[in-house]
Amino acid sequence: MPDLEQALVISNNEVGPSLFEMELAASQTVPLCQPGQFVHLRVSSTHDPLLRRPLSLYDVDKNRGTITLLYKIAGRGTDLLSRTQAGSYIDIMGPLGRPFSFPTAGKTVVLVGGGVGIAPLLYLARQLMEKGYGVKVLYGSQSSRELVALPRFQQLGVEIETAAWDLESGYQGLVTDLLAERISGQNIGFLYTCGPEPMMAKVAEYARRYNLKGELSLEQHMACGVGACLGCARKLADRDSHYVKVCKDGPVFGLDEVEVN
Amino acid sequence: MPNKPVKTNQVDMSVNLGGLHLKNPVCTASGTFGYGSEYKDYFNPALLGAVTVKGTTLEARPGNPPPRIIETPAGMLNAIGLENPGVDVFIEQYLPELREQGVTVIANIAGNTPEEYAELAKRLDKADGIHAIELNISCPNVQQGGLQFGTDPDMVYQVVYLVKNNTQLPVIPKLSPNVTDIVAIARAAQQGGADALSMINTLMGMAVDVDRCRPVLANVFGGLSGPAIKPVALRMIYQVYQQVKLPILGGGGIVSTQDALEFIMVGASAISIGTGIFVNPLLPCEVIDGLEEYAQQKGLSRISDLVGIAHHKKVFSQ
Amino acid sequence: MPNKPVKTNQVDMSVNLGGLHLKNPVCTASGTFGYGSEYKDYFNPALLGAVTVKGTTLEARPGNPPPRIIETPAGMLNAIGLENPGVDVFIEQYLPELREQGVTVIANIAGNTPEEYAELAKRLDKADGIHAIELNISCPNVQQGGLQFGTDPDMVYQVVYLVKNNTQLPVIPKLSPNVTDIVAIARAAQQGGADALSMINTLMGMAVDVDRCRPVLANVFGGLSGPAIKPVALRMIYQVYQQVKLPILGGGGIVSTQDALEFIMVGASAISIGTGIFVNPLLPCEVIDGLEEYAQQKGLSRISDLVGIAHHKKVFSQ
Amino acid sequence: MPDLEQALVISNNEVGPSLFEMELAASQTVPLCQPGQFVHLRVSSTHDPLLRRPLSLYDVDKNRGTITLLYKIAGRGTDLLSRTQAGSYIDIMGPLGRPFSFPTAGKTVVLVGGGVGIAPLLYLARQLMEKGYGVKVLYGSQSSRELVALPRFQQLGVEIETAAWDLESGYQGLVTDLLAERISGQNIGFLYTCGPEPMMAKVAEYARRYNLKGELSLEQHMACGVGACLGCARKLADRDSHYVKVCKDGPVFGLDEVEVN
């Protein structure tokens, strides 16, 4: 069961422009973690900033009992987080939310990540590989310096292509254009995506066009993280007046399940 | 206050909130604890004085479009828009689990007209497992052109009176702080027959996204909660306690045992925790323990001996 | 909003606040900047849009016994009790230095009766170096049994009207947020002849010392200021801007350029910094620069083009 | 002129129970510092805690351009301060307030410090020594472990006696009782004191009894620190309705000038 844990900060390093990797020892939380879920963490011991911040599970090492996060400084909360020293403790709730699902095994799946949206896809890729899927990752960002997750995917031994305007080797352009080039020829069993909403909207559009199933991971401001406050509402795509909770019904949704734009 | 030697005396933590018996003074605030099961991984809701469930209305409400919440300095704004499945679904789908767990349940109701409040009370009165009804009167009265019930003493009187006539349960109007004279509102509630008062609801506020030059919340306005509003809540409870003889369920910004003590000392018989639980899901349990410890240290036999003590010139006669 | 290339255009930072010309929109809030010289080691007060000086009364007032202030989450409570040497001492001892420095001065006055306000205005009208009069109407009216002027539209009307008849200077009533209907108060001020509105004053609050079981402030209640109240201030200014056609001097919790922009966007023509200066004595200068930079980035030629922009569906027509 | 400075934290060490010494490089501020003055510092970059905290000048090294503070964890603000890492910067205003005055030289002066109230007396002692006064320090606290300033006074070469209930060598009791024993025999020119108010009240009482002049340093909650907000009021002893500002008119006052109790 998800619980509250004082996790030990093992390391917290800048790995790219405004991008940080933090490793946490969280032995209580780790056994429950599934790809696509998130932890909800306190970035300050005072009342400002007040609310917890949700961050995806970037990687989980069940043997070592550690969680790794990849985060971008987006404001005050993540800025404070980036100043957290190794050796200190951080209060985490989790794992929370609906994880990615696994389609019928044996097929090739494609993961499309944009910017720091790559975060939930690494742990997903790891589990997909373990379960024997054919995994192909398309990973884009504004600039090549931000492609900080690349070495970790390479270490996994997964097939990965990168996209950025300033790439020497790799695709010079948007990751969605790269997807467009790759999507038609291949026999894709399932699409996973996380990144800026316009990017995910594009992925969802291709999925519709090629009649592919898939999942995305959404963001929304959160308070409770457990479905109690109804603060993180998003509209369902097919109904007029029904909202879902990103924290509890998501953050993972079917590609055609919610409105993205 | 004299420094007494610490003896681990037994403290009676129970309180009486206008006929509603609470095993301890710590309750959750409506809308922050769902229907009581969302936080069950963290603690058993039956340990609480009471669970106040999410506000319910006659018909289902979709709620407001997002964004619905935004953080503010030491607080947050919410504009959920009373999203809920309607009172009948609440009674059928959510209440049974609460009842089986032995949770003390305070229902929270909201209507567009006084008659809707009365009808809601009637239906809840028949349901098994509800222990009191909290009236959210910070809603626009459609018959009065959208003026909030809670800002006009006459409307407060009318709603409370009608509800009282339709239920045997203790009735606890929840006062809006967005008023000039909170005591006048409290008096009107008392005259209407209120058994206790709940205070305070959120302060109305807003925030602007300066990059987009637009209000952050889709609804423009939202309710401000959290530590930021604590000084206002304490002041209003202090004023009402002085002038109106009704027990008070006090809250607004409680995030620690010390905060809870402040509320009790200005006159709250019980306290409610809302936003604080988002920050620390174990807070209600920590406050229950913390209050007991404080009472022990002060050598009190009942937690209720602390209620309103900030009004007395001399504290702890012993 | 389209991302425009940054050009360093000239921005007209001046604003007109109901006849009061300000070289830029950044003012200090009354009671937080003394008589303008306390912070002179940090910057020249003549750089500001205006300095609003400490509230002054007809006779000297000793103020409240200590403790007078206490920190709260993202805010503070104060109960200074209008300590001041009286209006004549202000004019003789403090005004000359401000005048010589070329400071734009807004006097802030408070009285026990409408006549006291009128008398204060008359004396300030004759004094050289005052550019506008702000009316602090969050004071108890002794003739009305202590009810605050600022909470009753009729009293607001009466005070503003009387003051207007006794001065040629722009008159700026400062609205109390402790009311049910801020728009009604603003309308009354307008009808009384107000040239602009200042909003908001502090929210009434309190704090308890749980060790001593007593209110922290000797005065029990105090005024809540600082970032905590910003959402409430923004909401009230947004409401008033929508319905009352008077320029607004907006403040309440401003501690950054971004905060100032929020106030301007909801409808403040100028902004006031109070508690924020305690945190950062260079804040007013930083905000002046920050606003200019923001306007430049957006390609605006006048800072006043931003006033009320959060109300418009479409922003930046260019 | 007092100014705002981003001071570099050179060190910040626990020197006793809840007691910390912090050394700051503050080259702009240092030249202006006089004993009895204080700096007003931000303990957090967020809005909670909001206000600055006043701390006395414990020691000042004009050659090195450093200020040393001695502080006790009294609440959230000082707690945050105690976690500040060497190498980071802290925002200080100062020096602020009225300093101690120096009586006609050549006389013997007595300094009575209680607990962390010893802080302003070290720099004072240093300057008194330099100016050629005969200096005697009486230094008391609840327990001997809290007498953390002792080595610094000894280094100064000043005559110092300590008082605490658990002392093996030194006076076993209250520092005011120690003062009572020493006060009659000696030819004291001036008394300085800082510590808990009941202690200072006692010192003021002895001063009255023996007709001695002297000064004390007061504390009061502060907002602005510069005399602008009138938040730090204290009552004058001899008038009914007049308040002074601790930040500007003080924190140093004549022993008979203000009400202490």
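Should a chain be cited, it is by its letter among A, B, C and D, assigned in written order, with residues numbered from 1 in that chain.
In this text, contacts are C-beta pairs under 8 Å (C-beta built on N, C-alpha and C of every residue); 3 or more make two chains touch, one makes a residue touch a chain.
Keep in mind that what you see is a predicted model, and the values were worked out from it rather than measured.
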- Query: Where the centre means the average of the CA atoms, what chain is farthest from chain C?
  - Reply: A
- Measuring from the mean C-alpha position of chain B to the mean C-alpha position of chain D, what distance in angstrom results? 46
- So, in whole Å, the Cα centroid of chain C is separated from that of chain D by 37
- Query: Which whole number of Å gives the spacing of the CA centres of chain B and chain C?
  - Reply: 34
- Sites on chain C at which at least two other chains make contact: 73-75, 226-228
- Query: Hey, what residues on chain D touch two or more of the other chains?
  - Reply: 47-49
- Query: How would one label the connectivity among the chains shown: line, ring, star, complete, or other?
  - Reply: complete
- In their complex, what parts of chain A are in touch with chain C? 47-48
- Interface with chain C, chain B side, in the complex: residues 1, 72-75, 77, 151, 178-181, 203-208, 210-215, 220-222, 224, 226-232, 234-235, 238, 253, 258, 261-262, 265-266, 294, 306, 309-310, 312, 315-316
- Message: Help me check something: in the complex, which residues belonging to chain C touch chain D?
- Response: 31-34, 38-39, 41-42, 54, 62-71, 73-76, 78, 80, 83, 226-228, 255, 275, 277-282
- Query: In the complex formed with chain A, which residues of chain D make contact?
  - Reply: 44, 46-49, 76, 80, 85
- Item | Parts of chain D lying in touch with chain C, wherever the complex brings them together | 1-4, 42, 47-52, 91, 93, 220-235, 241-243, 248
